[in-house]
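Here the chain labels run A, B, C and D in written order, and each chain numbers its own residues starting at 1.
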């Protein structure tokens, strides 16, 4: 076999990785063992193979000892395979004459018995040597990169990434699920620790997105389908209709005023249901795009068909309510008598004719080379912790509700009052870590809650002058001038009680608690259980991945970590990359983080995309499958197995693999009944050698 | 060859340490193994991992070869159903696994020696658990050492 | 002087000998061209005669059948010594063949079945063969019986293989012709095309590009369509994995290929490979469904290793 | 389960002692509902209270025996009205299923006693049975005496709702409230519905136990409740028996009827007032008489 590639001269390099490997594996012994194996000409152990001197070692040996195969036993190939391929190439060899052995992540770091770990390393090295002997010289194929970029999610992460790319002259498609971009940041009042107004710093960027010639903004839209591969993704986007044409709408909002509902009466999502909106509405004044939405569920115009559906369901007995006794609001019942809507909005729009109730969803097919996912987070649902009384006691709020409450443009115009709409709270309890660091809900720390709780404490004090109690487990303020902000709060007379609140309850123990919500908590600094009555309770809810994160992940063929956040390629060295080339992560969809970190990561993601675009092409691992024509019998077994339809059946009864479409999974190869389908880098004979190698001492 | 036989012999002499060949897919289970490493989880050193791009690449010949060459157990690790990096490779693996499992069993290799586990890139802990469990189960089953020569005495 | 040729049979059914006879008239050409020095099935020679020959004096020995007794082993070694070229003829010699299925058991098991349990056996006193038996002063001997059946090349060095159960007369004739003409390929070759049967299959055009099997059928269970690809009918046709050269006779006879020609040159474990191809076509991604579809293959080992168990990776069952 | 098939009834000690009223009203209620109850033959101590605290193993064995007997019946729904019985029986199943050590103890114990394993037994509290199997609709439909009494505080206690969540939501149970409303009662938002009744503390660390009951009573009254309704004999006993003492201690007179939910339901669905054990009430006898229009003599023969 070896002869096929000429006389084989193997060089073996065992890396100590400082003490990371050498601490458990006897690298010297491994190198010595390898030295005694057939074909091995040079065998060394060295402190840091990935360092320059380490790589030079390889290069020089190749020239000096005429090596034509290289085995490097070090860390995971996912980390340094590329490094050592380059080193091999620098020595004048084809980089695919190098093979790596993972003796760190999968040996020294997971084992404790020195002898066993060393034996394992030797076995793996032996197998690699036998394998490398058979390896073929290969060339990477180049795939061109489409310069257009898709950014999914229009929060601060998506906005910043989109603008960065657009400013670099690349065309960006920004797709946002909601009716407006801005995400959670648009809901915030002030931002910690500087307390500058979120809107003031965000809305200019939002308008910039709208105005930018290189950005196509599709809000109120969903990505439905993603095909292709790095550099060449085909994406289908569904643009849900607003029943108002963005191109014709001038954003005058007269239609909203003109709605038959003189008073807004439907829960306003943007304000966390604290405010009301009409069926035709703009989420918030500075929304981008400035085009209102007509909400099917609440607009009268769309309720006629509903009525019909309802009646038919009645006749089918699907509905148990006796006739006449209407289960819908009297308001709807009246409408049914009165028939369809007067469509005052249409009149208001006049000859702009932007409003059209017949509009349908639009499907857009786009081609992009890279994709940035910035789909953000969802706040923890406080109802999941019943003993904190959210949804039961009216005056228990979530932090996001408070953000809207204290916001000047919020439902209460900045007036912080209880749900009764008039009482100003005199005492407020802020509970940290709701849905974070909690065995019963989410184990992780959401990173921002301590700081935003401090911020809210400050703002609430500012707005109400109330007594404010922060209940925290640990105060976590890592970040530029975060700790200083904490100190500032301490001096502002806000109370801090270290302890996990047991419950929020209305049962009265002593008259002072009458009419209040009492927080029962063990003050771990005093070592006593305390009852603290307050008027208002704020739950600092943590961050979670979106509940549809799994679907999104599958859509883009990336992985989720167990917490439901998207998984980065490497926790330290590739924090914005995914395991799917050309798809990057930005913001909280990858894990909880604050605005500065999010923006930084968005910039990084944009840079990664630019790097690909500027290179103009990406090199693909040459690991695709190929047919040995003269031996293929045209049995077609392989054809249906390829998920990418890369295999076609030729006139002359032979299968053929399209190397561009082939992703190199090798599923067809394993199935080929005559072994005439092979996979580069994972040829049958190479794998057989490796199997024999790990088991059979040479 | 003889080497292994000798070794097999004195392995039995001393405490039996199962030899396990593990075929891990590049995108899920191999990464889980890396993650277990970066998280410094500890598990027994009996497995020798062979990396393939996808569990769908696994030709039954590889598994048979591993047993024939003296593996006491073979572990296949792939992405969870629906999570395959190549969309469906793991299903193809699943199909072959179930048929091959019957063959292997009929040839006298106990169930516990041949396993297919779905371990995603984030399940380093699960990888550890599976490794420990597999080693223990195979240890309990004792040596297989298929390649140890069988004495042929041709008298009735 | 004509080249000397020997025919010998080991553990086999005699079908391969038939194949020689089936050369019909052309056997006369063979006889004319060569000098047959050994052919137990047709002519009476003694072992001593062969032993008396000079080593390497036989041009070619055609040996069919697997090795399962000490006698067969001795003959194999003897002929290897005397012949310049040894050609393994037929599936049994090449891969162990049907006798090789005995590797699913062992000597004791085989004797148990044959001398005790087989329905036609009456053997109250439980007599089983012995290698030596003394009977009023006389010592009778029998060859020893191995636990494990082996293919010819597992016992002696084999130069060429002629596949098939049995091989077609054509393949035999070609082999002889090549031998006489000195046109044999490189050592170790299988004297048949190195492609799978599908290429020659008369029904190949009826095989869809996307085969998906949702239920496996057995020939006796259905009325088999004469034209359509048998796999698409749910029948286990091993053609895709099996070396061609048989003239697809079974297919012509409306029966699925059982794989007697063995694998093509790149395949190490015939059963494993064909298993992989077949299982991959199971039409489901649901684990339970997959299992139930594959349950339609009642005897995987017997099906996929029908002719090749002794040369498979595992070679025999571990009892 | 198919209610017509009825249920295996496990009384436990309380319902034959301090909690007789519970048994009486429960049996009457199921009679009115025409759901057969079959008492588990030869049942023994459930193993709760002291055993669970002192020696889990023997506690498991005790309840394992009961489960095993139930397992041999073709009706596998075992109904222990006492929360303590419910918990220990349920816990035994759970531990045997999940903890090898517990399984070993129980299996050996059962073998020694020549008893069969208890696969398939379902331990079910009457609250959950009435809510799921009978259902609010039927309760509403069969109500013949709409509740005219005062507001009710539904008190669930701890053992029936935690740690297992099959009877109701662990932290904010609601099913008893819904049942009460179904028969026309108004229930107060009683935040202490799952807080501690003192359990056996009233017997061991007496004043702490009493103190806890004081809190329960006080809050119920503050919320405007005129009666507390329970699902657990121990809760009922603690709240009922110590009212006079609490009143003395707290210098605040409590006279609150502590009823079993089965008493209220039984009465509403037309059960015989005499059969509901109402005469056994200690607290709030006046109200009981008024609400249940129970004649003097019924109460008299207490």
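One rule holds in what follows: contacts are C-beta pairs under 8 Å (C-beta built on N, C-alpha and C of every residue); 3 or more make two chains touch, one makes a residue touch a chain.
Owing to the predicted nature of the structure, the values given are computational and were not obtained by experimental measurement.
Peer 1: Out of every possible chain pairing, which has the most C-beta contacts?
Peer 2: Looking at every pair of chains, the most contacts join A-B.
Peer 1: CA centre of subunit B versus CA centre of subunit D: separation in Å?
Peer 2: A distance of 54 Å separates the two centres.
Peer 1: Taking each chain's centre as the mean of its CA atoms, how far is subunit B from subunit C in angstrom?
Peer 2: 32
Peer 1: Just curious, how far off is subunit D from subunit A if you go by their C-alpha centres, in Å?
Peer 2: 49
Peer 1: Determine the centre-to-centre distance between subunit C and subunit D, using the mean Cα coordinates as centres, and give it in whole Å.
Peer 2: Taking the mean C-alpha position of each chain, the two centres sit 77 Å apart.
Peer 1: Mark out which residues of subunit B touch at least two other chains, giving numbers and ranges.
Peer 2: Where subunit B meets two or more other chains at a single residue, that happens at 59-61, 65, 88, 92, 96.
Peer 1: Note the residues in subunit A that touch 2 or more other chains, in rising order.
Peer 2: Within subunit A, the residues that touch at least two other chains are 641, 667, 670-671, 684, 688.
Peer 1: Run through the chains and report each pair that touches.
Peer 2: By the stated definition, chains touch in these pairs: A-B, A-C, A-D, B-C.
Peer 1: Under the definition above, what is the set of subunit C residues touching subunit B in their complex?
Peer 2: That would be residues 69-70, 104, 107, 111, 128-131, 143-148, 267-269, 271-273, 275-276, 278-280, 282, 284-285, 287, 290-291, 294, 297, 300-301, 304, 312-319 of subunit C.
Peer 1: Hey, which residues of subunit D end up touching subunit A in the complex?
Peer 2: 169, 171-172, 189, 191-192, 215, 219, 222
Peer 1: If we count contacts the way the header does, which residues on subunit A are in touch with subunit C in the complex?
Peer 2: Listed in rising order, the residues of subunit A that touch subunit C are 628, 630-637, 639-641, 649, 653, 667, 670-676, 684, 688.
Peer 1: Which residues of subunit B touch subunit C in their complex?
Peer 2: Residues in contact with subunit C: 59-61, 63-65, 67-68, 81, 88, 91-92, 94-96, 98-100, 102-103, 106-109, 144, 146, 150, 152-156.
Peer 1: Could you please specify the touching residues of subunit A with respect to subunit B in the complex?
Peer 2: Answer in residue numbers: 76-78, 102, 104-107, 109-113, 116-117, 119-120, 123-124, 127, 554, 557, 559-562, 567, 571, 579-580, 623, 641, 643, 663-667, 669-671, 679, 682, 684, 687-688, 690-692, 694-698.
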